[in-house]
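When the chains are written out, they are named A, B, C and D in that same order, and each has its own residue count from 1.
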């Protein structure tokens, strides 16, 4: 049985087949020669399964889609502040061929335009025998779960038309934003951009970003959470060159395009997507790729401002039971305890105080607990103890730390088995 | 028992009490005279309960925080395309005192800067006896669940120093972006901005935006979903004047500030927040208010790129039971069926096909079903029927429409009661 | 006998008759209705005779050509520093419909664009009974030697479409660059621009600027020399809106155009010219008018960088004569004594010292003596006395002050008659 | 006897000795190490004599003052249109470290900023064995009448800090504005800028520009007149980086500064000046040098808008004499016949027609005759013949071509000797 999700992706290819506007990048001979009719789409949820349709096995160069990943590496290598001192995070509002250097500092406006990306490349630590390109390729391999290599023909072609990037690199070196040899920086950056990938690779790479930096299949924390969050924010505001506002209102997902025709998109917590089609529109984004992204956003409800669905209460159910002969109120909690979910629980307890002296919070079904929820839970329990209740927590994951009320009285802790046995 | 959430908000006031940088707006005498030591914070989840701390009952003028609401009204009145033809959605990158008119069309860059907001005001439909100001105030009242009035002293004070807005209005009229009398437009806009509110009002108003346009307490759909989504996107990119990238990376929530010292923020699906403190920083945002927003974002996990937590599978549990003597597989689904949750269900079925002929999908615990999930569910069921399975759906909310497989065979539908009885 | 100069001007009209590109100003109904085929040209040397051809008696509104004259009045009223504090002198590089306000100060970039011209208008002193408009009209009358009046139909038409100017005026008032009521400022400015003139008037007005601020026929010093020099500098860099560099390289004379189709030009020391034809090019300058100016510049050698012809030596001739029986050297000087002319005289004396003890400097044929020449002459004479020469100056105009050499010996002074008699 | 002009230049050095603001260029070690107290000034009229004071023999690198000369060479090599297609002539309005590339075409805004000057350098024709640097040095030698050499230490120092220029060159190559190897272009340009000169050299070079492109001493036409005129126009609008309007209003002469501390200025028709002092102001111009230029402009009346003195009539005198017994009117003409001078002659003849049948125009004292004057003279003579006068021209230089009146009657031509004899 074929997955209906594949059927859906097939329909994306079919429904955009008529789009033949735009042209392949003309300034890089190898890209200009690409077959303009190719198209592919892939998606990968945070479960790690990749679905792909169209020319899914076709390899093309990652180009500017390498920028967010290289930027993440640079932040992991040096810390965010160090990188922010050298590269801004403001949308440039400029077309993709603008310089986008801050007029006062000469600092690149953001890491998603070339000036910022070349600087980024030089911030990736290399040691003896390992170059920044090696590091990036190894990172790609970790993300995509397969070896990723440079397309040497593309790299050579781009090196021959690297004037603009060389110009930027020398200017950046001149203003102190870039250390080391500008020509070497450009050569390395070009090789980074020439890494060869498929939409399936890209969807899996994007899924890692959707999954808080954890590769869904290997479980490796490839990026720490704050870096991942920062990266997605920058992709949201600076990823699609100019017209940031238009992209955010219509498609509404953090994304990055590459001049070979690829676009990756990330819906935090849910899914990574990737599309490919070589013809570019006036902004330098794949014309058919943008159309595919619009369909995906609309059909799959991926828009950032829509995707965050109103969260349900943490309170799964309230049971009044006899525990070993004592009447007790059991609050069965569920899901993630975030502000809005814990608030409804606390509100319920405050407006309808438990009618039994024994109160059990069953957290067996709880997934993650935000600090604010931890603190609010503890405080609520403490207040209940103060008011004379006997509080039991069933917390197999140990998400709530021990605490005591104002008179030193602690909550009791039961295992789920103890609870089951007590319920009888 | 006092809510721990109130305790938390108290701590926000306390922890920012030392911040006394910035100055009250100096160009409007009434605002310049505000007590700079005042501070307040409020939040309201999509459940509609408002929590507030500090000078929570202090009334101040809504100022630019009126812009997103007026913009929404204009869109509801004319449709999005009509409004987009007159006002852009790109961040201006300019300081708050820049003109931000498109150099070619004279069109305001976005509705969150004054030029765009004055134009917005003139797009709100008024009929005999009802002015645009009346419409906005009535809208505020619906959002805040109480009458909202203009602070006439503030309005009069601003009218006397309205040069800049008059200048903008005449330029907009000259370029055709604004119809009607420019002086009247400014007078109306100034009254809109002088509406008097508290942080509690604002948190409730913001909560409506967090709740997909539905006022949490009255249940009224005050804004249609697409308008609400568009509005939040624009607030995310253009709400905090310049430094959009900085706001998005650090605070990460759609927001809007007002020159009287207020800031509202919206985390879609979860919560609306509002803070107030009169001293403004160099960007024209409340200095202490920004600090309060940063704390709220960090403590409450409100950052857009963080808040969308990895969603759980739709599959609550799989039971193998005997139904009226026939062995059956029951898939108990839960929560919202979105792409990432339905994908894991489908994947499970494809990799581990049911071992019984009778397959039941229990959707009693399902909340909302996105179109993509509906379609995917139907297709999965159809394929299973094709392969010889007998499919039963328990769908009390009727979220899945009837459908038949390729040979016209339909799924069966049971009520939850039927299922309970069958399980025995 | 008809003047050949009139014949030449006829040829200008004839040779540009084929130019019908551009269109009349469309935003002012009265101007839009102008007969587009009209054309006129006039010139007036510093002798004050006006030559004109084409529709020379046709009256049209002066429009922006009023700006330099109003600017001069403001400087005479307040002093240059006061005006420079409020209005810059830098070319805007902007099209004629740009705001051209300094982004930091809100100050208009220069007095030749509308923002600067509206501010200028408010700087013209008015007292009881006399408005700024009265002052400007009186100044025009002094320049043109005839009463100049406002075309009320044009003024009324422009007042009805004054949005842009009102917008500018309110912005300028808001930034403190403009005092008084913005609406009144615009109304006055519009009347200033609606003053009705002919090309003959304009040529005569321009000739006053060419003549160092002295009206050639009445001899009145209408502008002091430094104001006049400053004004011409500003016209050279800011007069023709954007493309200042293009105008300076091709036409090369300080100029100003008006939206009704007029252009005035000034070649310092030589001539004022004026052309008229209503169709405007993309820069807002009369298309045929620009062509006429190019012909005039080329044919008449008016280019600033060409017109200043290599100056001749001040030394008209050297005579060795017997004066009352004593052999003497007479240096007959001529023309203006400026640096380059006096230098050749001094050089001659140093390289070929006089061979007679008696040396006469005959300055009867000298026109004007620059301070540097005065000083250099005195010093040369002093040095000659020191070396034992007997020096006589024939200086009927008294351009050289009395002086003595290091030992207190003075030069002798003779009248021209004394010299004639001595020569015998 | 020492020339008073030297005394005057001494006073320039003395009167600016207190100015010690600014700092030597810090980005080029060799320049940073310059003795900041050095100062020199030189001037050279169109007669070719150079006067200099201060550190007049101190050699320093020409730097950006090489730009106008190299630009002139490029125009002479390719024609103006070819060069204008590659480099604009608009002032950049930017600080001296801005890129100043046209955002649409990538074309440098003007040849006086680095981007334009590097492009200029590549437009100088080189053939086998002769590089562009050789050509420029040879041109400098022709201008300065002595061999000019590259200061190799300065060139080497600048090559090591050439990032910014390399950046520009690669960007220019990328946008198609620059052909050939960018690195070679920069190396050549840097050597051009490192040419070693004194203020005396520079004053003589500037005097050639003042003299219509003719080296005053050798008489060689080093630049054709239109190139020279164009060059001076560009220096007037773009020579002193930003603040073009300020320079034109206050100093008012075409000029160019160099980062080593030199400034050259040209008053067309009169004089070239050069100053030197190493400390630079915020604009990158020599601080003391600017002060020296202001004094020179003020003292010597060099301001463009002042220097063009009202021209005198062409009519030297009118004599009524008996020529061989016939009463005749002799008009003795003088100086250059330009529009304004010829106009007064024609006006005189028209208003006071000759009272004798025989009319003689004595042009022996005439210097140059502009085309417009030639044509006007001929037409005036023709009209007089038509009216029955007998016209004789004494035109030893042959400035007026032969012509005949409408009935084929020609003017008569006499030699000066014939006239003398006839006067008797």
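Note that contacts are C-beta pairs under 8 Å (C-beta built on N, C-alpha and C of every residue); 3 or more make two chains touch, one makes a residue touch a chain.
These numbers were taken from a predicted model, which means no experiment stands behind them.
Engineer: Would you mind naming the chains that touch subunit B and likewise touch subunit C?
Structural biologist: Per touch definition, common to subunit B and subunit C: zero chains.
Engineer: Averaged over CA atoms, how far is the centre of subunit A from the centre of subunit C? Could you give it in whole Å?
Structural biologist: 67
Engineer: Please report how many Å separate the Cα centroid of subunit A from that of subunit D, as a whole number.
Structural biologist: The computed centroid separation for subunit A versus subunit D comes out at 63 Å.
Engineer: Suppose each chain is reduced to the average of its Cα coordinates; what separation in Å results between subunit A and subunit B?
Structural biologist: Centre separation, subunit A to subunit B: 22 Å.
Engineer: Indicate the residues of subunit D shared as contacts by at least two other chains.
Structural biologist: Residue numbers touching two or more other chains: none in subunit D.
Engineer: Would you identify the shape of the chain contact graph, picking one of line, ring, star, complete or other?
Structural biologist: ring
Engineer: Which subunit D residues qualify as touching subunit C in the complex?
Structural biologist: 1-5, 7-8, 43, 45-47, 49, 51, 88-91, 93, 110, 210-212, 225, 228-230, 232-234, 236-238, 242-246, 248-249, 252, 254, 267-271, 299-313, 335-336, 338-340, 343-344, 346-347, 350, 353, 367-368, 370-372, 375-376, 379-380, 383-384, 387
Engineer: Spell out the residues on subunit A that touch subunit D in their complex, using ranges where they run on.
Structural biologist: My answer: residues 98-99, 103, 161, 163-164, 166-175, 182.
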